[in-house]
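Across the two complexes that follow, chain A remains constant while its partner is chain B and subsequently chain C.
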Partner chain A sequence: MPTVIVDGKDIEIGANERLNCIEAARRAGAEIPHYCWHPGLSVVASCRMCLIETGTRDAATGKVSMMPKLVPACQTPAKDGTVIVTTSDLVKDSRARVEEALLIDHPIDCPICDKAGECLLQDYHFEHGQSERRADIHPFTSRRRDVGPTVTLFVDRCIMCTRCVRFAREVSGTSELMVINRGATEEIDIFPGFPLDNKLAGNVVDLCPVGALGDKDFLYQQRVWFLKREANVCGGCAAGCSIHTEHNQDTIYRLKPRENPHVNKWWICDEGRYGWHHIHDPSRVLEARRRLEAHGRATTAADASGFNTVEWADVVTRLRSDLKTASPSAGRLAVAVSPMLTVEEAWMLCAIAKSIDPQAYLAVGFVPRDEGDETFPGGFTIRAEKCPNRLGVEAVIALFDPAGHTWTDLLEHVQAGHADAAWITAGYPTAPPHSPWIDAATAATFDSLNCLVVQDLFDSPLSALATWRLPAAGFAERAGTWVNIAMHAQSFEQAIRPPAGVWPEGRLYWNMLGRRGLYDHTAVRHQIAESSASLAALAGNMPATGVDLRINQLASIDSIHTKATHSHS
Partner chain B sequence: MKPTDPAVTWLEDKPLSLGERLYLPLFIQGLSTTAKHMVSTKVTVNFPETRPTVGNPLIYRGVHRLNRDDQGRVKCVACFLCATACPAHCIDIVATESPWPDREKYPESFAIDELRCIFCGMCEEACPVDAIELTSLLDLTGKSREEMIFDKEKLLSVYDMTKDAEPMKSASLGGTL
Partner chain C sequence: METFQPVLLEAVGVPNGHTLASYLARGGYAPLKRLLAEKKPADVVELVKASGLRGRGGAGFSTGLKWTFLPKDHTGPIYLCINADESEPGTFNNRILMEDDPHQVIEGIILSAFATRASTAYIYLRYEYPRSWDRLQAAIDEAYAAGYLGPNIQGSGFSLDIYLHRGAAASICGEETGLIESLEGKRAWPRIKPPFPAVEGLFKQPTVVNNIETMACVAQIARRGVEWFRSIGVPADPKNPRDPGSYGPKLYCLSGHVEKPGCYEAPLGITVRELVDHFGGGVWKGRRAKAAIPGGISMGLLTEAEFDTPLDFSGPSKVGCLGLGTAAVVVLDETVSMIDFLHNSCRFFAHESCGQCTPCREGTSWSLRMLERIKQGKGRLIDLDLLLEIGNTMGMMPGSTICGLADGAAWPIKNAIKKFHGEFADFIRRTNPDGWMVTEPVPALAILGSHAS
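Up next is the complex of A and B:
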């Protein structure tokens, strides 16, 4: 095993690992400050913040010979016998000087800068900078330049690390950004008429170590230190990118990518990044309503007359009895399990359906699709399937009904008159002005049913026909597990509370199953993992980066083995 | 620990001396204090007909005001540092892009709940542009809770009202102008 010596401490690294000195030092607990280096981008070694002293230790004699000059840690590979010194006076002095040089050109308008609080320039200056400013140049105003529909550039705040330029060239492959001028007048800019409008553009804001690139959607909305972050999963497409939901007082302010080497690396797409606004849309369904017996069907989706609001405690009991009454003979209840539901919610829904009607027809709900997957040169893929959990729901349905039906099957089933009652779960983020997920003609299929339960975020032609209109929860209001298109399962907690009057699906199903206490998705997940081989990998504590369900065989053998050892001891 | 614990030492009061038992010396001492105040200068005032004088307006912590810059615009840049520093969470700011070319950000709305405020002066300490200051206005009354939530216009009007009597503190305290 190659050994690297970090500040006098021997650290072993993998034989085939290609680490630079920043990564090797991190293993030893030494953080080397850096601006331009990012694990997902090429190395330019231009910021000079990561300068360190290095040398080599001779394997035979143990003699250490040091390099006469400082070298950038990001560009220096860590090999067997590499000596890294990160705390010498020479290194500290160099960092302080780099900080000083950067701050000469910086407007220091932290009070009005959105990055303040999560800015590397602030953090490194606090840690490595000088206490006094020696330059007597007056700070100048911050010039602002529009570089794209979602991103704005504060030119004078930029420290020219060129992370954004490299991102646009290497990951999105669109090369909109460039460096204009040279030397002290260097600036980031775009070619006139070619704005930064690719589908990954928002990532340059996350990459920017200072406040130069700002997200117009978040600009001046909230100071970052007020935000609380919850590890979450994006529900925008089947890729299931790991994200942080950043919120304050149950209001989401922004979504940020969460590093996950198995799924999205460091990036998310703009569709996901700005795909949270529907959660706070005023037109959301906010009450559980049931149609009055005396009234006929509502004429339009928005027509609330003929419905009365039902308390949730009553929904729990009345929904079950309504469905039972409407479908007296076996096999007459059809349930669409939405691919927006978590595995736990889907499992509980199926269990409820089977307890009402042991031969209930279970199908995967409507799966929204775009034209095709879109893969970028950096390897990031936006999936065409615009729902997060189709595979998870399919796996759950297979536990109850091996036949496995699709939404189209369900439509045909109802069309053919094989059903008396239907429970359609939806929850698609189709806030107006988006057109509803289902058109009036398709919705008419369900016109003849005795009882139709529609659980959705927004009104659609289907909810106009509904007997029960139940609200659904948005992605950040759910807790549970989603399985992405590569069979990678990720669990997440509820980030924000749903609006008053809305029970997330999990809570309703938990109560309908007669379980006590608060909805505990972990308990349900463990129950699912125990009862099924295909989802056995969901057992135990879920790592933050999720698990691959395809390793379920290994996992189940492992758990049998652990159980065996436990019983022996 | 119980009263009977050996570690507890019980002390007895000293018995009163003859002078103390007479009460007369203490009686004379008390009356002389009263007499002294009858002839000395009065410190009480007939509030509100007479206003009390504030010793040093620079350090007095009364009603807030929002200062104006030399062009009459609100000086505040909506950095939220006062709201962050506020221990009573009584400051509510909504920030937006400023309509002026030389300024980037300004408060669209700025409200202080004067009933919630504990007049600690941390907002004044935190402000990087000396936009929020505490005046020496000390009598703050209102008929409703809503009335006591001072919005931006009201806070600016406090500045207009007090700017002649109390110029901005920043100059004398070495802050921004």
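Up next is the complex of A and C:
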């Protein structure tokens, strides 16, 4: 195995790993500060913050010969015998000078900067900078430049690392951003009339190591040190990108990509990034309601008259008896299992349905689709299928009913009069002004049922016909596992609590199955894994980056690899 | 000295010396025909290697050796780029060659392309040289018409196309990889190395970048032979095995405070004093010289006492200069304020820094701001230490930048402050009697006067 010597410590690296000195040093626990280098972008070696001393150790004699000058760690490959020195006075002085130089043209307006608290310039200055200012400075300016519908540029805060420019050229392939002017007067800009409006634009804000690029959606909404972050998975499409949900007091403020080499690398799309606002929409369904016996059907979705609010403890018992009463003979209950549900929730829902009606008709719920997948030059793909867990739900239904049905099948089934009762789960992020996921004509299919249960985030023509109108949870309010379009499963915990009065599906189903204590999605996941060959990879601890369900062996290798990376970072 | 006959500049003063007819009459293109007919590319590489020709663009790297770095078994195209982006202040030797004897340059290019197996050559011409553009383009057209360019040159089977490309006036385009980036249509940000251009250069193909004067030297080596070339200049120092010697004639650009400024051809190793006295007609108005730039502003400064330094590739560095550079000698007389000199130098580099590497981008602008403040009478003695620190830590030599522009910016600072420290200190004490000793941070200061852009 090749051995790299970091500050006198021998570290073995993989024989085929192509690491630069920053990555190799990280393995040894030595953090080399850097601005312009990013693992997902080309190497430019221009910020010069990562300058280190290097040399080579002769394998035979053990003699170390050092290079006379400093080299950028990002550009220098770590090979067998590479000696990396990150703590010498020469290196420390060089870092201090780069910090000093970067601050000459920086407005140091941290008190009004959104980035303060998670800013590399700040962090590195405290760690590597000097306390005394020696440079002549200009009177501070802080010009703001609109570069696109979602992104704004604070021109003078920029340190010219050009990460954003490279992202737009290499990953989104849209090349909106460029460097104008020369020397100390250079700035990031767009060509007039060609704004930064690609579908991955928000990533440049994450890439920006300083407060230069700001996200208009997040701007001045919250100081970052108040935010708590929870590892989550985006529910916007079937790609299932790993994200961090950043929230405070059960309010989401922003979503950030979470690095996952198997799924989304370092990026997420803007659709996902800003796709959390529906969670805090005031028009959400916030209570469990049951139609009054005496009343006819409600005429409009928003019409709450004729409905009674039901306590959740009563929902658990009455829902089951209502469905049982409405479909007295076998095979007359139809259930739509929404692809927004987690594997655990879907499994519990199927189990409940089968306990009410052993021949219950199980179908995957409505699957929203756009025109086609969109792949960017950097390899990132936005999926046309706008739900996170179709494959997971299909796999779960197959455990109960090998036939498996689609939403269209279910509609035909009900149309043909084969059902007396239906339980439709939805939960699609269709906050107004978006139109509901189901139109009135389709909803009329369910008009003649004895009992219709609709579990959804928002009212729709379908919920107007419902006997039971139950709230659903938003993606950040759920806990469980989603299986993406590449059969990669990722588990996540609840990031925020749902609004008062709302039980996430998992909690309701858990209680309806008569299980004790709080909803424990891990216990359900383990139970699913034990009972199924196709989902066996869900057993054990789920690594943060998830497991591939297609090859069980791969999953275990992955979990070892992830553990190894995590212990070093 | 008295007996030295100009070779590279033989066409200067000849009526219509820039035309093909004149060049042919002087024996031009004959060596090209002979070499193309008789020799293989490797032979021409050996010829140039044996001559000891070192690149005339500034760094003085062995031309023949550079050509051997090209991959031997490359199947795609190889490119030859000719650097005519002559932007070092005080330098105009390429211009003389392009305007007065363009065919000599073209013959050198054809030979060099033959040696490097390139079938396409680009001349990257400085924007500010319209006359060079006209003369070069006319010469290229003449050469095509006469069968010295294009397919199957003079029946040899070797083909070459030369494209003349005019830059947009940025000094950094003269940096080898900045030139390549600019030629590819991009912002001229020098590339990180490795890969070196010889392996992956223009359009990701192996590329050689040579200077115009180097091309003229190749043409003369082909015409007059290796022995002639090695008989001129300074032989290698036998005590220093790493010294390849400084052979051949060199064009010296003499300007500044001399009676007769101009471009003069002399053997490598001539001293500043000889240049000024023999060619320049002495210092302007009979004044005393104070200092001289040995080879372009990037190379630093020679004091009057160092005027006997031989201007060969290793001479100026023995007295603290960066090197010979482009051999552009600018003489400063006793009336020149070194503060003004350094301010002007810093302004140039702050203006021309491409802005890629932090130490150069901010260092050049910071040093300009300090000089600006010192000139305004608000200097402090501590500024001199700061300037020296900036000078000592920016550039390729300490490893803090990608290209050599910052070294060029650092050397005038280091040389001026070390060699004229007294003058700087006196100026600061005299103009800032109340504040010269202050060491506190400078308050935010609106900078008037020169701008870095």
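Heads up, the rule we're going with is that the second predicted complex is superposed on the first by the 549 of 569 C-alpha atoms of A that agree within 3 Å, B and C clash if a C-alpha of one lies under 4 Å from a C-alpha of the other, contacts with A are read in each partner's own complex, and residues count from 1 in each chain.
Here is the rule we use: contacts are C-beta pairs under 8 Å (C-beta built on N, C-alpha and C of every residue); 3 or more make two chains touch, one makes a residue touch a chain.
From a predicted model like this one, the values you see are computed outputs, not experimental measurements.
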item	value
Room on chain A for both chain B and chain C (clash or fit)	fit
Cα-centre angle that chain B and chain C span when viewed from chain A, reported as a multiple of 10 degrees	90
Touched partner set for A:137, first chain B, second chain C, both or neither	second
Partner chain in contact with A:111 - chain B first, chain C second, else both or neither	first
Touching partner for A:182 - first (chain B), second (chain C), both, neither	second
Which superposed partner A:18 touches (first chain B, second chain C, both, neither)	neither
Which superposed partner A:225 touches (first chain B, second chain C, both, neither)	first
Chain B versus chain C as contact partner of A:49, first or second or both or neither	second
Chain touching more of chain A, residue-wise (chain B, chain C)	C
Partner chain(s) touched by A:94 [first = chain B, second = chain C, both, neither]	second
After fitting on chain A: smallest Cα gap, chain B-chain C, Å	14
Touching residues (chain side chain B, partner chain A) in the complex	77-81, 84, 95-97, 102, 104-105, 128-129
Chain A to chain C touching residues, read off their complex	43-49, 51, 69-72, 75, 93-94, 97-98, 101-102, 104-105, 132-140, 159-160, 178-179, 181-186
Residues of chain C touching chain A in the complex	170, 187, 189, 192, 350-359, 361-366, 369-370, 373, 386, 393, 396-402, 441-442, 444-447, 452-453
Chain A residues touching chain B - in the complex, by the definition given at the top	109, 111-112, 141-142, 144, 219-221, 223, 225-226
